[in-house]
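Take a look at the structures listed below.
Look at the two complexes coming up: chain A is in both, with chain B in one and chain C in the other.
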Partner chain A sequence: MIDFTSEQLERYSRHILLQDVGVEGQAKLLGAKVLIVGAGGLGAPAALYLAAAGIGTIGIVDSDTVEISNLQRQVVHFTKDIDMPKVESAKEKMLAINPGIEVKTYQECLNADNIRAIIRDYDFVVDGTDNFPTKFLVNDACVMDNIPFSHGGILRFDGQTMTVVPGKSACYRCFFRKPPPPDAVPTCSQAGVLGAIAGMLGTIQAAEALKYVTEVGELLTDTLLSFNAKTMNFRKVTLQKQKNCPICGENPTVTELIDEEQALTCNLRQY
Partner chain B sequence: MTKIKTADAVKNCRGVGCPMNMVYTKVELAKLQSGQVLELILDDGPPINNVPGSVIKEGHKILEQRQLADGAWLVLVEKG
Partner chain C sequence: MQITINGEDQQLDDARLTIAQLLQVKDVESPDMVSVQLNGEIVDRSRYDATEISDNDHVEFLYFMGGGTFA
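This part shows the complex of A and B:
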């Protein structure tokens, strides 16, 4: 078992006091490696909470730089960080919260060629991407490499998330077979988002990562959790792994990674 | 009274408030095997009023609890 310093015992005392987590659970968190894909609305709270929780190694992937329009919801970035690479901005805040962790940055776009080399070093992936092609890419790569992940998406007042444990639970493609056609993707005028729902959803994803690592409770596997912030209704829909799923089914048709076309009518980014 | 079990570990939490005294107690218990005994020293007041109850809730057993000359409490905990 890890010998905690007295500073670590103080820092992580509220985890250690939880009967389900305890000293052993905190040791698991310190030994864990979690990758956050996207340092945007979802990745920002996830990065802050996972750093605070003492996830020992956190990777963060994003090719963008901070823009002023990000700051309404991407709480890991500050006004002074405009034009800075998002991964560097996020790393700075994560280490400021917790200097005892390691943060690895990947300032690149995930694609079919590089994703598997990046994700294979991690125990769990938090998908905080802003576009359908990358969501499918993350799903497919995680299923192929058997890495559990949390899917998340937000738009306007709505959020949805599910946790996938490949081989055991339904994957994203069990229900969403392929990226939506361009005309189904919202146009710019419809693409607003209430800032705080990024925090609501990204924080649920962080909690799922912590639960997976500590083996506490029940994950959102085989479950799509969605909420609408206007009514504050939360809904859980039970899902089942599909035998005819194109990637995790009995006769998979998706056998290699492909970069799907970005089906966007305008440059919708930064969710 | 004859003590049936002697302590396998000792943790002095004099001067340690709630909830850090419980954190230290959990750390010490985590190092022990089931059935081994931790001798715990807790301050009078909130510590002695809170920690033994929390220890029991986590599935351990309090074997003995007595006040010492300086007002602190000695608690023998058997790991569950």
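This part shows the complex of A and C:
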């Protein structure tokens, strides 16, 4: 058990006051390692809340630099950060909120060759990527290495998220078998997103990470939560682990990591 | 027939319909961006033409959503 300093007791007092969390739960958070893939619309709020919550080690992966069009929703980046690597910009804010944590940065693109070496060190992964090849790669690597993760996606006024505990609950491929054909993915001119939706979804993903680490409540496993911000309708669709899932089913056809055909990422990059 | 789509009861004029036809009838913009769940099971995309829906079926259109940022 960690000996809390009086500063820590005060900083985390609103967690410690929660009966379900308490000092034990806070100690688990401080001992936990969470990886955030993508320092964008979803990763930004997740990074801020996980840092504030005192997740002891947070990794953040992103190869991009901050652009002015990011600032409409990627709230971890400020106007002064334009042209700075996103991982550095995010790290600066996370440590400003909470200097008591460690932030590890990976300024690179995740691919079939490097992903397992990166995720291996973490207890939980928050997927905040915008493109389907990487989403499938994160799913496949996490299933292979038994690392729980949160899937998140947003589009225009909609959001969806699910939590995957490999071996126990349905994975992303149980729902979505393979990436959509690149030419079907909405183009730059068609797509867009209401900025606050990224915040709604990224904070749900952060909450799932905190719930997983503290073992509080029920995770969004075997459940795809979707919402539409125009109506503010939230729906849960349940799905058990599928026997014919290409990776976690009985006769898996996905047995090694591959880099799926890259959709023109310009389109989804706009998110 | 009467079916449920994404939790809403829907009356359809057609007596017989495949998943592929249902996607058309319901004006689903880009069927490639949808995963279809029929009565709790995911239907393989290659079987949309061969799979028929019937009265009282529960259908979910699950949309592919990206978002976040490119990593």
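The rule is simple: the second predicted complex is superposed on the first by the 264 of 271 C-alpha atoms of A that agree within 3 Å, B and C clash if a C-alpha of one lies under 4 Å from a C-alpha of the other, contacts with A are read in each partner's own complex, and residues count from 1 in each chain.
As a working rule, contacts are C-beta pairs under 8 Å (C-beta built on N, C-alpha and C of every residue); 3 or more make two chains touch, one makes a residue touch a chain.
On a predicted model such as this, the values are computed, not experimentally measured, just so you know.
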Which superposed partner A:G22 touches (first chain B, second chain C, both, neither): first
Chain B versus chain C as contact partner of A:F175, first or second or both or neither: second
Partner chain(s) touched by A:A207 [first = chain B, second = chain C, both, neither]: neither
Chain B versus chain C as contact partner of A:I58, first or second or both or neither: neither
Of chain C and chain B, partner touching more chain A residues: C
Chain B versus chain C as contact partner of A:L239, first or second or both or neither: second
Touched partner set for A:V143, first chain B, second chain C, both or neither: neither
Intersection of the chain A residues that touch chain B with those that touch chain C: none
Touching residues (chain side chain C, partner chain A) in the complex: 6-7, 30, 32-33, 35, 37, 40-42, 44-45, 60, 62-71
Complex contacts: residues of chain A adjacent to chain B: 1, 4, 9-10, 13, 16-17, 19, 22-24
Chain C-facing residues of chain A, complex: 37-43, 61-64, 70, 74, 86, 109-110, 127-132, 134-135, 152-155, 158-160, 174-178, 180-181, 184-186, 193, 198, 201-202, 224, 226, 235, 237-240, 242, 244, 265, 268-269, 271
Contacting residues of chain B [partner chain A, same complex]: 19-20, 22-24, 26-27, 30-31, 57-58
